[in-house]
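To start, the structure under review is shown below, and the notes come after it.
Per-chain numbering from 1; labels A, B, C, D and E assigned in written order.
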Amino acid sequence: MDAFILSYAVVNGLLQGAIYGGVALGLSLIFGVLRVVNFAHGSFLMLSLYISFWCWSLFGMDPYLSALINIPAMFALGYMVQSVIIAPLIKRESAMVVEPLSALLLTAGVFLVMDNAALMAFGPDVRALQAGYYVPTIVVGGIPISGQRLIAALAAFAVAGGISYWLRHSDMGRAIRATAQNRDAAAMSGINVSSVYAMTFGLGCSVLGLFGALIAPFLPISPAIGLAFGIKSFIVVVLGGLGSISGAIVGGIVIGVFEAVASQFVTATSASIGSLVLFILILIFRPQGIMGRA
Amino acid sequence: MTSPVLETVGVRAGYGDIEILRGIDIVLPPKSIVALIGANGAGKTTLLKTISGLLPLRAGKIALNGEQIGGMMPHKVVEAGFVQSPEGKQLFPDMTIVENLMVGAHSKRARGRREETMEEVFELFPILHERAKQRAGTMSGGQQQMLAVGRALMALPRVLALDEPSLGLAPIMVSRLMDSIEKVRHRDLSILIIEQNIFQVLKMADHAYVLENGEITKQGSGSELLADPHLRSTYLGL
Amino acid sequence: MSKSNWARSVQKVLMAGAMTAAMGSSAFAAEAVKMGCVLPLSGGSAAVGNQTKVGVEIAAKQINDAGGIKSLDGAMLEVVFADSQSKPDVGVTETERVIARENVSVLCGAFNSAVTFPATEVAERMKTPWVVVGSVKDEITERDFKYIFRINNKATYDAREQIDAMDMLKDEFGSGPKTLAMLYEGSDWGRSHAANVKVIAAERGYEIVVDEAAPPNQTDFGNQLLKIRAAKPDAVIVALYTPDHLLFTRQMMEQRLDLPFGVHSVGGGMEDPAFYKALPPEAAFYAFVQEDWQIDILKVSTDPAILSADEATKAALGYGMSAYTAQGISAVYVIADALERAKSADREALRAALAETDIQSGPALVTGYNRIKFDEQGQNTFAHGVISQNIGGERKTMWPKENRAADSTPVWPVPAWSDR
Amino acid sequence: MKTTIAAKSTRSGGLRLNQTTVLVTILLVLALAPIVVTDSFTLHSMIMVLFFAYMATSWNFVCGYVGQLSLGHAMFNGMGGYVSVLMFTQLGLSPWLGMLFGGVLAMVTAVLIGLPTFRLKGPYFTLTMIAFAEIVRIWIENTNEFAGIPLKGAEGLIVPNRGDDFWAFQFSTKLPYYYIILSFLAVALVATAWMERSKLGFCLKAIRGDRDAAEALGVNPTFYTSLAFAISAFMTAIGGSFYAQFFRYINPERSMGLELSIDMAVMSIIGGQGTVLGPLLGAAILTPIAEIARGEFGGGLLGLHLVVYGLALMLCVLYFPKGAIEPIRKLCLRYFGGNER
Amino acid sequence: MSEEILRVQGLSKWFGGLQAVKDVNFSMQRGEILGLIGPNGAGKTTAFNMIAGFLKPNSGSVHFAGKDMTGHKPWDVCRAGVARTFQLSKPFGDMNVVENLMVGGFARHTDRSRNEARAFEIAEFLGLGDRARSEAQSLTAFDRRKLELGRALCTEPQLLLMDEVVAGATPSEAEEMVQLVRKVRDRGVSILIVEHVMKVIMSLSDRVIVFDHGELIADGKPADVVSRPEVLKAYFGENYDIAGA
């Protein structure tokens, strides 16, 4: 394989990987703080894509502009799911560590309800933002780069950087980190733990709100799209280290570049089997992931 | 007699269907140091957790400066002025010392005075100032204990509860810490302290309660208890 | 869209209630003929199933509005829909239900070969005729079954026709592809199509340089496109369902991937009207699409039933007829034709009538065939696909040559992106 | 402190005498049911209920008792189906024997997979199992032939029709299938009831209750979980063979897909995992819900039954962590008396 | 009677940079009750866990009845005849008392009815006969401790490791536990007991070893040991010398 194709593959992998990472950010954040694996992660993205679609289709709203609706809407939904559905579980088991398995089952329930409610409400048809909406493709060194994907990939870096900075330098961010590290100690420091949990869940989902708006212009939208991204996100965050913000981006890029380069040598199917094998090996031998601390 | 800063009446609490505290009455006068001593599992930590709101209060009353705080959410209790420096190393290990301290001042009441309070804490524990940017998890046991106390002070407590501050510390560190605690009492602050290192703590305490099996079995001034042969026998079985 | 879906569901519930009430109170003038229709109404192929369902509904309504089955005293056609969820076991269960419980006279469906294959076996065993809609798996009409009939193509026909079209263009213009890339979805349909293409391409001297299956619901085709770019094939044969086809086509445009002899799609996404709503028209320019009906039939046809069916489809779905809708329509008209001749709703009589089917005109030929007649295996020997090329946003029939309209000239080889 | 929801969700031993009575009564009623039910579709639906009950029971055998959530069990289902069908079509071996080979393959796979993964906790285990099952599914879907074996990829395998032939596992009526799956289910239930009272059951429940304490009492968690996992995989594979023979068709998408794994787990959890009768109850509740949703709305309300599954799952986790069987058991206790244990 | 049942040699354990147990040596005779005491954080539990197989020592060895058990897994240690209890009792909450006890029995016998009979016997022995069919999670804290002891006994140990058996117990409960432990010893079981409550240790132990900061600082008769200055210092800090002693 010549150098051009290889560098092309790497560029493709970087773009797609960064988008994977951006989509997975919320999953990692929520796990890091609440120790809850949100099985419904992809469903939130799916819903956010639909919001962007409907805003565009009904009101002609620019999809990038619809982020202004998506972000608060997904925040509110995430906040609600946490405080209405998951909080009672945490409360019931307050004497012990939050049981990750029951939380997983709960979010699996949320996944079933959201995906199929979307199917009932929107029907199974594939939708896509139409034609007219178009960001030009730029060509760098002979390699065409989709403008829309580039924007989404850059946003992934920006959001990851922004969240990391915010976690470090704001009062709420510090409170979130403190709660993640020691829930009881955080409560004893005057932090309202249940509100931090709900905020975190909301924040994690609002990132999906943003990415829904960013990828809606180039991704066909159907109720099933959530699971595709959901499973990818699990792989990405486990690879990068569950709970790590930078890990999500790193994991995304590793998977993106791995699949891009590998699929030049073998079929894309074998490459996706390869990424699953990688995922299992990481879980068994390095469960903290690439960026996680032992 | 001045009204007490903290008063508990008939406090009952426990885990699941097990009752650990069977009616605890304690009183903290202003600017006092009160010690709570007793064997492992006697319920000392449970009492602190109950006052802090981490465990549900099953019966009884807890008043802080006359305000009922029993059954409040933990952050509300901190806001009201009861702050606990928890047992062991319950810090935020991946955060720096400064960040730990800043989180300590998370409550609305304390946040405004954060910078000044931090200066005061640094004055009290200069070592924390020197290592301000170090991650808490990488510090020695004694430094962590100081940070825990410092973090509690950041919340501008009216009552500071210390859970086994000397646990696992070398004797020299214990003495230093106790000195600092002595200094803290001169601020407008009451201290409720739980200790196994009973002799040192009794020397410094104005009043002490002995907790056994979730009940107060003995109380008195520090020196009274120090002189009590019964206490020695409870502890040493002699 | 969401609203109408909900509304329809609610309507259905109400109707069901009303119907039960009606049945209890009064007798119908002539007893309705029940036909079952097993389709993937949820699950992976739900969109397609839904379009077929609309076609079936439209045709049944047209027949009923025109007085029902005349030889049965104007008996109404009553369609019982069943959702296979694209799952074999559910499809079989539903088939059992419709045959045993609903007591239907005839069945149609079920799009997914994976469902049709075992479900038709139930029909065969329970001696209920079944008109296959959409499934192309060859074996479906190679089992010596007596009750199974298929109007549309077998999978091997599809592959052969695609290569036939390339050969035809080669003869016509003197140049054509030598190397081919294949990109197909990694489930039953895509894989079996690819396997057939491979055999026929080898026979005709084409070289397959890329052979790539993609699991459904991709989020990116960049890697596959790059592989195609690196292999520099002359043309690509695509078998993808709508979401993946959309993504592929969009990215192909973004990446300016030039293939001298273009994209040859075997339907799937490119025969789905939703596809064209979702892309800028230039994305699909010059693409060849093989479909199970003639896309420009509305231009040639004067049959009012077909024209009104297109209007009805637009009303129901928001876009015009597709191959799926057309196949649904065709199946119902074939069944109605058999009912008229059988003069009975009895399954045996109906089977016999279906076996005798020989339709040479009418709305049943909405699919663009000139005749429907089944061989002893139940396969319509006159079935064929139609291959069109997208010229300026319009799909114009190019193959078979005799179906080509006067003003349709293929663009061959296709211009590069930079020249468009 | 590490008690799982499963740990809290179950009771052991059960109404020992009563449970046996209930079990025998249910099986008897089911065995006699075809006298009343002659309609082929109802029989078919009942076979589906029994099939899912059997699958959920197989899942429950390890996951319910150890308290791990496997969402990869469909993999074993597929193995059973593929091995029995391939042995039948390629070697002419009776599916009755072929299913045993499928079971053994599933067992070996389970042990190989279980050894490294069973020490993973909670969601990590679940995600790993999903990944394993997906690998197998994607591989089969994309492999037309492997070492001379025609796997036929996504197309799936067809079982040639042999008419009414017991050794070919083919019958022209539903009744034989009904009794076959009923006896499979009976064996699975009895095996679960026996396991619950045997050393294996005690060890599994101990591991779920507190892994450290179990170890201290001489329980080697790896050994017992692997053993139970292997048995469960074997049972699941037998179910897969039944599925393949009953429909005479099997494809990877359905028989190894995530959805089937979710079905097995959700039925077991909603019914009451870690109990003998819970999975049966779960299947008896949920399978008809899906049927009714389909039958009544004919696809009008797509996915309704899955919404119901999801809601039921959430309600169960939050309010009936011991599954639907718990309130029923309490009611029975109140009205029929009997020992709590 | 002087047969050695446990020998611990040069046992050390590091956690990161912290050495929790430093080169500890001691041994136990068959039939002996050995008390292990020391202030919080002295390394008692770490040493205890290494003997029981829950932690792997960095160096040193543990011999049980002449057999090297260093680094063996807990279940192997148990089957070799060493049972343990936990500081926080860990009953299997949704199993009843008899079932909990039976788990222990299965460590040695697969015969269910034998184990059940034996479990009832042990339940009687513990004074839990009337609660034999109650769920373990409905027991009081003290009954759970007894259950934990009983479970360990069901594995038919030669050596029993007990961690803080009377923590949180009322004096009368503590007394009951002391009697129980004596009865266990009378059945021929050797006992290593870690305890905070001195009264219990003093009245139970034949011999006492004292840990401080991971080191073994004293070994001897209970009465002798507690009067040693290093022990007093470990317990009460620097200024232990007070009036009234």
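Note that in this section contacts are C-beta pairs under 8 Å (C-beta built on N, C-alpha and C of every residue); 3 or more make two chains touch, one makes a residue touch a chain.
Bear in mind the structure is a predicted one, so any value in this text is a computation, not a measurement.
In summary, the chains found to touch both chain C and chain E are D. The fewest steps needed to get from chain C to chain D, moving only between touching chains, is 1. On a Cα centroid basis, the chain most remote from chain A in this structure is E. The greatest centre-to-centre gap from chain B, using C-alpha centroids, is found for C.
Taking each chain's centre as the mean of its C-alpha atoms, chain A lies 36 Å from chain C. For the pair chain A and chain E, the distance between mean C-alpha positions equals 49 Å.
Centroids built from CA atoms put chain D at 53 Å from chain B. Each chain gets one centre point, the mean of its Cα atoms, and the points for chain A and chain D are 32 Å apart.
Shared contact sites, meaning residues of chain A that touch two or more other chains, fall at 119-120, 123-124, 267, 269, 272. The set of chain B residues touching two or more other chains comprises 16.
Interface residues of chain E facing chain D in the complex, by the touch rule stated above, are 52-54, 73-75, 78-79, 83-84, 86, 88, 90-96, 99, 102-104, 106-108, 110, 112, 133, 148, 151-152, 154-155.
Of all residues in chain B, only 15-16, 52-54, 73-75, 78-79, 83-84, 86, 90-95, 99-100, 102-107, 110-111, 151-152, 154-155 touch chain A in the complex they form. Across the interface of their complex, chain A is touched by residues 1-6, 67-69, 116-117, 120-124, 126-128, 130-132, 134-135, 138-139, 141-142, 262, 266, 269, 301-304, 306-307, 309-314, 317-318, 321 of chain D. Contacts from chain A toward chain D in the complex involve residues 37, 85, 88-89, 92, 96-97, 99-102, 104-106, 108-117, 119-120, 123-124, 223, 231, 234-235, 238, 267, 269-270, 272-273, 276-277, 279-280, 283-284, 287.
The part of chain A that touches chain C in the complex is made up of residues 1-2, 5, 8-9, 12-13, 15-16, 19-20, 119-132, 134, 137, 139, 144, 146, 218-220, 222, 224-225, 227-229, 232, 259-260, 263-264, 267-269, 271-272.
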